[in-house]
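For reference, chains read A, B, C and D in written order, and residue numbers begin at 1 within each chain.
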């Protein structure tokens, strides 16, 4: 089985080379994306089979590549299988989408070779079972995605984003590298099996946790390592943005689980505290940014930060429960995390696809130039609405199911012995709830401004429905959003082996329960039944509607909007992206983001229009990154004179070095 | 061997150090070149003496090269050159004379400390000689570091080479390859320096290294 | 086969010597360039022959695991560079940057340099090794000054002065080693024979060896380009013709480092000496951090990559300084791959500078759009030099950082920091040079891509698969280095 | 047999909710009017309004999409289903197991989601005002509600509303500081979510102050009727939520007899009346807030919720 997986991945790499070879031919786009679609579908199928069949077992393989005395080890266990499934489902959808979307690519030569390599690298990371192979694929993944971010390299900001991205990526890689170096020891036995056998103790584990947070967090976009994400993800072509947000961040989550839960040894109770705090912070900061953002793709990227925060919060819970040997609770939290990772892949990819379709249809990413697309792109509007409901964590969609599990896990926190956790977990719960509510607000804004209302620009008014392939991909991911929400029990049982592999415990079996209810802990505590809720809502809505139409009036008439009697004061009078976000800016932004509104009111009688200028800052960027960059440049400036000294000075350096070393010798012993 | 012989060797080596100090002190260019000649002369004497006491005739060659090239040919050439370039004017060392002298003394002390660390297993003569040679080398570098003028830097460099020769000859029975290479390197050094000075003459009318420094790749 | 070995070894010296003599009298640069290539090819063949069979070490000459790798690498890069230089020099003549009179001795000196390096590599006598290194150095001095611009002359002058100081220091070190060895191995040639020295190193006078190593470290370290002895390196790279920049970074630094390693092995065998590793690790780390910061303010693209060479030499010396089989292995690997990669980069940079008519980074841009092959080869080169997979330097840096972290967390962290800072600078520059809207002339370029792609191909392959024989040598040498 | 009975009771509960909702609103209006010395509309006026609205034709804005037309039914259905999850007169109704307090919160959330979207659909300025203010209020109200849910769930050891109610009914509940805090927070949230004074004024159409009304401005006829009805049901839902948690007396237990249910219904009506009376009194006594002071009020609710939870840990662990 693993051999087949590796063969398919190899085929992907070959496909990348082939793309270089046939970059001139017009068929290249179709061939490459078609090939990628077929291969990733096969990978997805294999991974799903593995997830269902592996159980506690694992398949291993090794190739005589990489480090000569070690080779590259691959290991396929349930955890890896789950993430493979997530990645390759997203990849298949992206390839399908790109079959249509790729036609609009100005320079396909800059996308086609790297796309399959990117997919292959993500798969390899999940399969690798030794530090070298892992980091090799990890960094290859970064490199390929960097090249993809630079696809439209003529916009200066894309180049800047790419640079920042690759720099942060290799920072993360170095962090992981140090971590692995510490785990493997000077002997350098890098295979995960050997590392896990060493069972590091105490502060070694703590250090590894810190480094894993830096490494995986910088790739996942965890606050405060998120600054690159909202720049880089939108810069790439939309199907790549979808992959980066939907799949690559999940690879980072996988890395965190693999390292911290399996390699770093027994966790201390406070590990969970740290991860919880970071997760909570990411949730709220991310969604607040998203709420104030006016560029649709950047908005989605920020919301990715929020969801990653949610996942990491659940992981923190799992760590805490695990440290206190509360297996069932840990399993619940881990299930919530993995379930949400899966969900986020589904709806975030859908949304990015939708954003891409909007971009190609209207040529703009600015919310303030969109509107009314529900009329012009009807069959796009429906799945996007579904994805919005899902990401806003509203029942009966999948986003709610996973978040509900997280809350259930939080409700188990009183049994934790440590005070810090007792107090931190509910506090994090507040942050998560706040995040969920703000996310709902954010996506009301997103959907309401982009798809509802009246078009705010001629481009939006002239938009036409997108192509079949893209629609197929979008629907193909939106429908699972609903299904996973209606039958969460099935999903929970499906990912149970992965949970087992990561925390050595699993949730009770759900599929046997009456009416497909899910009961995470005990029936007396809580239960949820998505399908029943759904059926009741639809049934009552339909009956009421039918009754009303049957017994009351069904007459309807179109007329100018009433608008409190003002009549039509023009399209500009609609709420804009900024004005919609303004109450929340006032409520949250002024403190956290130092958001300011500057109003220029012309004097009475002047014909100049009144203007409002809004600004906000990313506290993390201004507080952390700008000083660091500034410091490096300062040092560089300070040292630069050493390039311009006279020969005599340089010679005196040699002389002084000599004298210094001789002095050292003189005082040595 | 009898001590007086060794003492003579010492005396010559010490004399070399002394001349180095004089060079360190001297800040008139032409006088400096004369001292350079003296330096080479003392060196050739020392080498000759070594040749005798080690009864290693091949060292005579080295002594001869030192005498011929360094004591006569090169100083003459240099004198002519500075005449042609018209720079016999005062040249001030970068740091004050006294400071330089103090530094020089410190260096000699350092050289002795470092070398006398070695156990006496190496023949005492060689050990002392090496210590003195090391001081000459360090002093030569000090001259190069404290002078602005290219010619005086060349002078410093050559006194440094003299120190090397002293060391090489002090190390008894060192294969000839080394002396040849030293002479060779000096020859190369002089030729290339000559080429450079000539080219520099073509470009601008001074040999000040600082003038060269104006043309650095990245100055805007 | 074994019968051929001595011939091969002698031809390693004879070929470049004869070629140099011939080239000195041969008129016409085309024929000269061809002869140059042919000679380099011959010496490559000789080196490859030595792979198969090695002659028994003589008092003067020696072929062992350590230098065979260098020999092959050297003659290979020598060959590719001679190919590159043919097209490069041709272009320089057309554009009139160089005149035939300037070029009179170009190829001859090129071969002299190759001779010097080969001599230094196969020498068994440390005196001979010294002669070789110095010969190579002095010959490159002339090459650096060949453009006769103010900047070029100044660079060459700086190189010459600092280089000859280095010469002197290294020679003194060598003399001291001889002094230390004489009581043990007897007067004369044997006391300079490296094989004997190593065998008896335990019996040598430690204090003398200490002083000797200090001088050798500074003397040969000047050629390696270690901070603070590096001053000549950036300007020599920037102002000389690009083939010479490639040779300097790709070969000369390695040869000097090779000499240093020989003496490190020597000291490692002796109990009483200071640990040479400490000094080397310290200098290496200093070089990495310093070069990383100096990268930021560079405006000249060749000087930029020259500083990157300093950084990498720092990494390598750091690795050898830390010691241990893994770190040494990584150091050797890094050294090999760096010389391949850096020369490949200089090939691309040379053609770029020719087509854009400038070396100023600010005047070059959008290369991947205007000249895709040049641009992408440059991108690949920088990715490789920055230690990104799938290129081989990733492996060596992986090993260096991870193995040293377990032993000296702070050292490794500092090294990682240096790598990151350097990467930031290179990446920023690369982004502006290779991407964005094209800047500067966009006319077609007459370039020979074979050398750079050959190098990058090898580096790529090394990242994915290392052939067992190579690994065996490296591991053996790594053990030798202690 | 048991199943049919369960279904019957559940149906009865949902019907009752539907039937009583307008009456509660009418009662509150009437009472307020009396308190303000007005005659006020008759008690059954809301029913009449609904009938009249249902009879009228619908006038759609030119730009209204299918979402605008289907939203009222979705909103109504979601609210109604949420109400069906609340044990009004009896605990452990069969349907109540398909969701807990968190689900109820989320259901109300999705109702609000559609309402806000509908407000934006017509592309008018007032719809925007309403929607943006509504989501701002909700963005604080919802987490507050979740925190209160946490408190209750931790007290009762279950987030299942029936179990919470039964636990409260049992003697072991006792009096707790955190419960008081939770009640206080819940009241604030209830006022906010139902657009009552001081958060919103259901009776005004003054442009700058209205929130809820601004969103539904474009609705007319049967659609408006649906939305009104949903609003009635939501008010009832909150009152009965507070009632079943903080005044669970006479709540019919699981598998109760017909008599118990009768008693429970009677008690439920009484609780509703009391709740309505309190609301009317409160609304008469207080004045509407400026929109931008609302965050402070709701933030206070959120803090109360969190404080309640934390205190709970203290009281638990001490």
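Throughout what follows, contacts are C-beta pairs under 8 Å (C-beta built on N, C-alpha and C of every residue); 3 or more make two chains touch, one makes a residue touch a chain.
Just so it is clear, the model here is predicted, and its values are computed rather than measured.
Two chain pairs are in question, A-C and A-D; the one with more C-beta pairs in contact is A-D. Comparing the CA-atom centres of all chains against that of chain A, the greatest distance is found for B. The central chain of the assembly on a C-alpha centroid basis is A. Chain B and chain D have centres, each the mean of its CA atoms, that are 100 Å apart.
In this assembly, the C-alpha centroid of chain A lies 44 Å from the C-alpha centroid of chain C. Inter-chain centre distance (chain C to chain D, centres taken as mean C-alpha positions): 78 Å. Each chain gets one centre point, the mean of its Cα atoms, and the points for chain A and chain D are 35 Å apart. Each of residues 157, 161, 165, 211 in chain C touches at least two other chains.
Shown for chain B are the residues in touch with two or more other chains, namely 114, 117, 141, 144, 153, 209, 212-213, 216, 218. Applying the touch definition to every pair of chains gives A-B, A-C, A-D, B-C.
Taken together, the chain D residues at the contact with chain A in this complex read 54-67, 69-70, 73-74, 76-78, 80-81, 84, 95, 97-100, 102-103, 106-107, 109-110, 112-113, 116-117, 119-129, 131-133, 135-136, 138-143, 146-147, 150, 153-154, 157-160, 163, 205, 207, 214, 217-218, 220-222, 225-226, 291-292, 295, 302, 305-306, 309-310, 312-313, 316-317. Partner chain C is touched in their complex by these residues of chain B: 114-115, 117-119, 121-122, 126, 130, 133-134, 137, 141, 144, 153, 157, 160-161, 163-164, 167-168, 171-175, 177-178, 181-182, 184-185, 188-189, 192-193, 196, 199-200, 203, 209, 212-213, 215-218, 220. Across the complex, chain D is touched by residues 371-372, 374-375, 385, 389, 392-395, 400, 404, 407-408, 410-411, 414, 419, 422-423, 426-427, 429-430, 433-434, 436-438, 440-441, 444-445, 447-449, 452-454, 515, 517, 523-529, 532-533, 536-538, 540-542, 544-545, 548, 552-553, 555-564, 566, 569, 571, 573-575, 579-584, 586-587 of chain A. For chain C in complex with chain B, the residues that touch the partner chain are 125, 127-128, 130-131, 134, 138, 141-142, 145, 148-151, 153-157, 160-161, 164-165, 167-168, 171-172, 174-176, 178-180, 182-183, 187-189, 191-192, 205, 207-208, 211, 235, 238-239, 298-300, 303. In the complex of the two chains, the chain A residues touching chain C come out as 64-69, 131-132, 135-137, 139-140, 142-143, 150, 153-154, 156, 159-160, 162-163, 166-167, 170-171, 174, 177-178, 180-182, 184-186, 188, 190, 632-633, 635-637, 639-640, 642-643, 645, 647, 650-651, 653-654, 656-658, 661-662, 665, 668.
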